[in-house]
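One chain, chain A, appears in both complexes that follow, with chain B as partner in the first and chain C in the second.
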Partner chain A sequence: MYRIRFHGRGGQGMKTASCILGDAFFAEGFEVQDAPRYGAERRGAPIFAYVRADRAAINERGIIARPDLVVVADDTLVTVPAAAVLQGVGARTVLLICSNDDAATWTARLKRDCRVLTLPAPAAPEAGQAQAGVGALCAGAAAALVGVIGRAALERAVAAELAAHGAPVVARNTAQALAAYDALAAHQGLVSAGGAVDAGARAPVDWIDLAAEDAAAAAPDIHATATSLKAATGLWRVMRPVIDHAHCHKCSWICSTLCPDSAIAVDADHAPRIDYDHCKGCLVCVAVCPSHAIRAIPERGAAGAVP
Partner chain B sequence: MTRRLLTGNAAAAWGARLAGVDYVPAFPITPQTEIIETLARWFDGGEMRGRLTMLESEHSMVTAAAAAAATGVRVFTATSSQGLLYAMEMIHAVPGWRVPFVLANVSRGLATPITLEPDHNDVLAARDSGFLQIHCASCQEVHDSVLIAYRLAEDARVRLPVIVNLDGFYLSFTREPVEVADPAAARAFLPPFTGRGIEFRASRPVSQAAAVLGGSQYSYFRYETHLAALQALPAYAEIAAAFAEAFGRHHPAVEAYRSDDAEFVFVMIGSFATKARDAVDRLREAGARVGLVRPRLLRPFPAADLRRHLLGKRGIAVIDQNLSFGKGGVLHAELASVLYGEPGAPLLASFIGGLGGRDFAPEEFYEMIDVTRRAADSGRAPEPRLLYTAGELREMRKLQAIAAVERHEDGAGKP
Partner chain C sequence: MNEHVIHRVRDLPSAHLLGAGTAMCAGCGGLGALHQVYDVLGEKTVFVNAAGCMTLLANYPFTPFKGSWLYTAMASAPAGAQGVRDALDVLLAQGRLPPAEDLAPVVLTGDGSAYGMGLSATSAAIERGLDFLYLCYDNEGYGNTGQQSSGATPHAARTATSAGGRGHPGFKKDLFAIWAAHAPAYVATVIGAEPLDLARKVETAIGLKGPRLILALAPCPTGWDFEPAALVDVGRLAVNTGIFPLKEYRDGRITHTRIPRPRLPVEAYLSTQGRFAHLFSPRRDDAAIAAIQAQVDRYWQGVA
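Moving on to the complex of A and B:
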């Protein structure tokens, strides 16, 4: 069975990568299981997705513990413990990192006996721009490395997965996927299908007995204060509310009271002020302002437009 | 027949679409929302005829579902976890109305602490409600079970609502190959619901759910619901056979995998049971005679089928992905109640695992069989075992150390 994990950040298209690769395997006659792994479900948070493919029906389930291939879309994740990029990476795992540091540097850094490959990192986004998706690129790279997916199947998988987004998106992603596929042509088939864990000769299981502990420690309380301020939920925003102070009647309560995230404060002179670090862009304020003084603009490219 | 890759949520939505449902009262909750989003798109695009309505809570949603079902239309709804709990008053109330509909529950662990990942404490909270329960282990099973569930719910012997349960994440967001039924074949298996005595006329009002005082009338109505649930056992067997005839896939009330000649058997429900199936294959390769017995029906409890598959075995590893505080695994207790006192009753070893989606390692399945074998040799059932490793506790201790520092810095404990 092939076991492949894609690691990236929310918004980079790791789910798309797993769907494209899953479709391509399926088109080549494999049984497939693919899934994204959502956690915090927000832009920029570490996320991964995985694909299993086999000639026989797949009974294995859950997170892939022993991957044959790990593709890392964002090299800053390698050092984030919560991202668990290196979990289960062993001698026969191939680790492909999108990075501007070369494979030798990563091999020295990681001190793992796995095989490391790199692809050039995607260009950093312009200030205020969202990171462009690299899902198709990652899927194309993986398709080349497993060596059992043809170029045509990859191309069809990209088209099938992204058709709803229109022809230009399909064309851009197809080019991305094929470029990665071709760039790794020399490594076709480097990744091999792994076996199952032998029930005859296996590692011991270190189950322990949990002891009853004091409720003060055994209840999931958070004692630090104002932790929600530290989470910049403003990064989730797709649309940005902008107050036109010339039209605001300074009613001093409507938008600030109805904002579900308490992201609108009222200044001493009754003028409302939006906390863009925490406004999630739900646009409730836009809808409720009786003097129509709040408009919504796309977040993309909005940085310079804030009054 | 073409197979395509579908998530469990999409498979559930397809089931509802092929059932030709008329009405979908809805309320979003992770990890279920994709089901109602998919259906909403189809209603919007004209692929489905009928109506999807957003309600203001799951409590209203289940009320609306049952009320609509009481007028003779075909109803589908879906929820998960805290949403199911929020609806719990009506979950217990509406089966007594004896109206058929299907609710997909996408299992997710309950608070506290809050989580998104699956275990079965949510759906087991509805265990004693009168809703029948079908538990799925694959996306194909989700699709098939929704169609089967309507036949079961609408069967004249039954007339009860049915929950089709699928695990969050490991089915809900996981794509697997699914053969979507041909619409004509689905309609032949499940013809349109033409009331069958259930109807609404403004000129002839009916009050559902009368009040009774004195326990005797109450006992009558409650026991009738119980008997209807029991009649779902023979009804289910017939419906599953009809489904197999129409679609070539058999979903018995209890799946028995390589258990006929097994000495030791895993018993578990839900999607992680496919991992147990995998473990059975590996253990067989290593020479052990091991099988899997998986109840798909949890209500009604298929007692006779379970006895048939389990009596005479040496030991059973019962794996509960749930926890009844102060007792232990629910499935373990249920199984013990149908095997106790029977000749050839096997030893039961109880394991609690998969809480909040905690994964099972293959080695853990092998170890559970070792534990069960040793217990059978000694003739004494072992203490219930939580699947929790030293490494997991180490990680927990690290988090607790961080929490302790934060508490200290924050000066908590001061008045």
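Moving on to the complex of A and C:
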């Protein structure tokens, strides 16, 4: 059975990637499962989708723990623990990363014995522009690497999955998918199908008996307030707003009131301060500042950004 | 007599109560409205939240609130608020809660609950004269489950359940009128893009007793298909095209707090959102756009 995981950020099209790849596998006579993981499916948030494909009926369910192939659409996710990109990546896993760093750099960086390949990273969006989807690209790359999907099946799968979005979208994504497929032609079949997992051979779970506790112990109240601050939503950011304090006329409320995420506080001297641990990079502040004192820069490479 | 503390934008709170780090989408109009409303309401609130996007706010053990939050089924948030109010009243009567520590129950739901599933419980709560505030963030669809159409979906909008060439065949229900018909203490429409108007209405609501509705139009980048950065633009256009009238109901009277002059053509608003894209391409649907414009014109003729 092929077990494939796509990792990306909400809005990059990982669910679409899994649908296209699933369709293409199906067209080649496979049984298929494809699904996004249920969770915070929010733009910019780490999300993943997965595909299982086998010639025989698939009885396995749930998240793929031992992937044969992992496709990473956004290399900034590799170091984000919540994204769990490297979960279950072993010696026979192929890891394909969309990145401007090459495979040797990533191999050295990750210190894993898996096979690493890279494709050029998608360009960061311009301020105010939509983040470009790379779902078709990721599906095309995966289709080439498994080596059992023909070019024609891939092309038909893109058209079938994206038909509702109109001909120009289908054409753009078909070109994207085929370009990735062709770019990886030299690695056709690099990914091999993993063996069956025998449910009976699974190590039994170490059950712990929990006594029926008093509600106060079993469902403890949280007495701390605003604990959401522990969640680092700053990791969702693709673009970073930066305040130019020389141009800010300290109106002291516009950006701070209109930031939907309460991520801009105002100092005692009326200067706004962005909380980069939580700012999600929506760029509402950039759009509303009347003195154009906030600009957007790509998060990738921004000072203090991950990696 | 002037009951407002907030007169100018300078009076708006600049320290924010709602914690960051929530799971709402970047550029969420509902969250934007909630954080502004919460700043005015203050900490002594208990949010009673029906299932919807905002359910993800308080994901144990995380919460952006400074106080309690209660989760209810989609149809039952006003009943939950009744329970909270009753419990507080019992504690107050028994002297187990000092009056200074009393809390205000605030129902927080999306339009799916407010316009549809929860309407019966809402009507009953108003009928009983329950002393509560209802905050509805109206993103005009079942956002949390992928933007299916709801009773609040505007005519012609594309949703997950109205994906054909003409979009949603139905028309948006008038929740303001439904509430006003119950003669409650207060009903107001607000939008995050107009913070001063919003803050003054929430202030007014706090000063009153009985059932009160704050209905916030909540532009939703995810469900309406626009860039998050355009949140405030989309909101201002909803007001300036007259599609979303800012108004309040009190003592049997409706007052418009903003009459857009000049009133922009509706397409200035419709064209900002992918959910209306089929009205403009591949061919412009003049008849459909004119019908939406005519409906808005009719409304404002009645306001005069």
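One rule holds for everything that comes next: the second predicted complex is superposed on the first by the 196 of 307 C-alpha atoms of A that agree within 3 Å, B and C clash if a C-alpha of one lies under 4 Å from a C-alpha of the other, contacts with A are read in each partner's own complex, and residues count from 1 in each chain.
Definition applied: a residue touches a chain if its C-beta (ideal position, glycine included) is under 8 Å from a C-beta of that chain, and two chains touch if they have at least 3 such contacts.
Everything quoted here is computed from the prediction, not taken from an experiment.
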Exercise. Which of the two partners, first being chain B and second being chain C, lies in contact with A:65: first, second, both, or neither?
Worked result: first
For this session: Determine, under the contact definition given at the top, whether A:258 touches first (chain B), second (chain C), both, or neither.
Result: second
For this session: Could you say whether A:236 touches chain B, chain C, both of them, or neither, answering first, second, both or neither?
Result: second
For this session: Based on the superposed arrangement, let me know which partner A:278 touches: chain B (first), chain C (second), both, or neither?
Result: second
For this session: Applying the touch criterion given at the start, work out whether A:287 contacts chain B, chain C, both or neither, answering first, second, both or neither.
Result: second
Exercise. With the two structures laid over each other on chain A, which partner does A:214 touch: chain B (first), chain C (second), both, or neither?
Worked result: neither
Exercise. Is A:269 touching the first partner chain B, the second partner chain C, both, or neither of them?
Worked result: neither
Exercise. Is A:222 in contact with chain B, with chain C, with both, or with neither (first, second, both, neither)?
Worked result: both
For this session: Identify the overlap between the chain B-contacting and the chain C-contacting residues of chain A.
Result: 222, 225
For this session: Report the residues of chain B in contact with chain A in the complex, numbered from low to high.
Result: 5, 30, 112-113, 116, 169-170, 173-177, 271-272, 274-275, 277-279, 281-283, 285-288, 359-364, 366-367, 385-391, 393, 400, 403, 406-407, 409-410, 412
Exercise. Tell me, which parts of chain C touch chain A in their complex?
Worked result: 9-10, 12, 14-29, 31-32, 35-36, 56-57, 60-67, 163, 192-193, 195, 221-222, 227-233, 282
Exercise. Mind pulling up the chain A residues that touch chain C in the complex?
Worked result: 10, 40, 42-45, 127-130, 164, 166, 222, 225-233, 236, 252-254, 256-263, 265-266, 275, 277-284, 286-288
For this session: Spell out the residues on chain A that touch chain B in their complex, using ranges where they run on.
Result: 19, 22-23, 26, 31-39, 41, 58-63, 65, 196-200, 202-208, 210, 217, 219-225
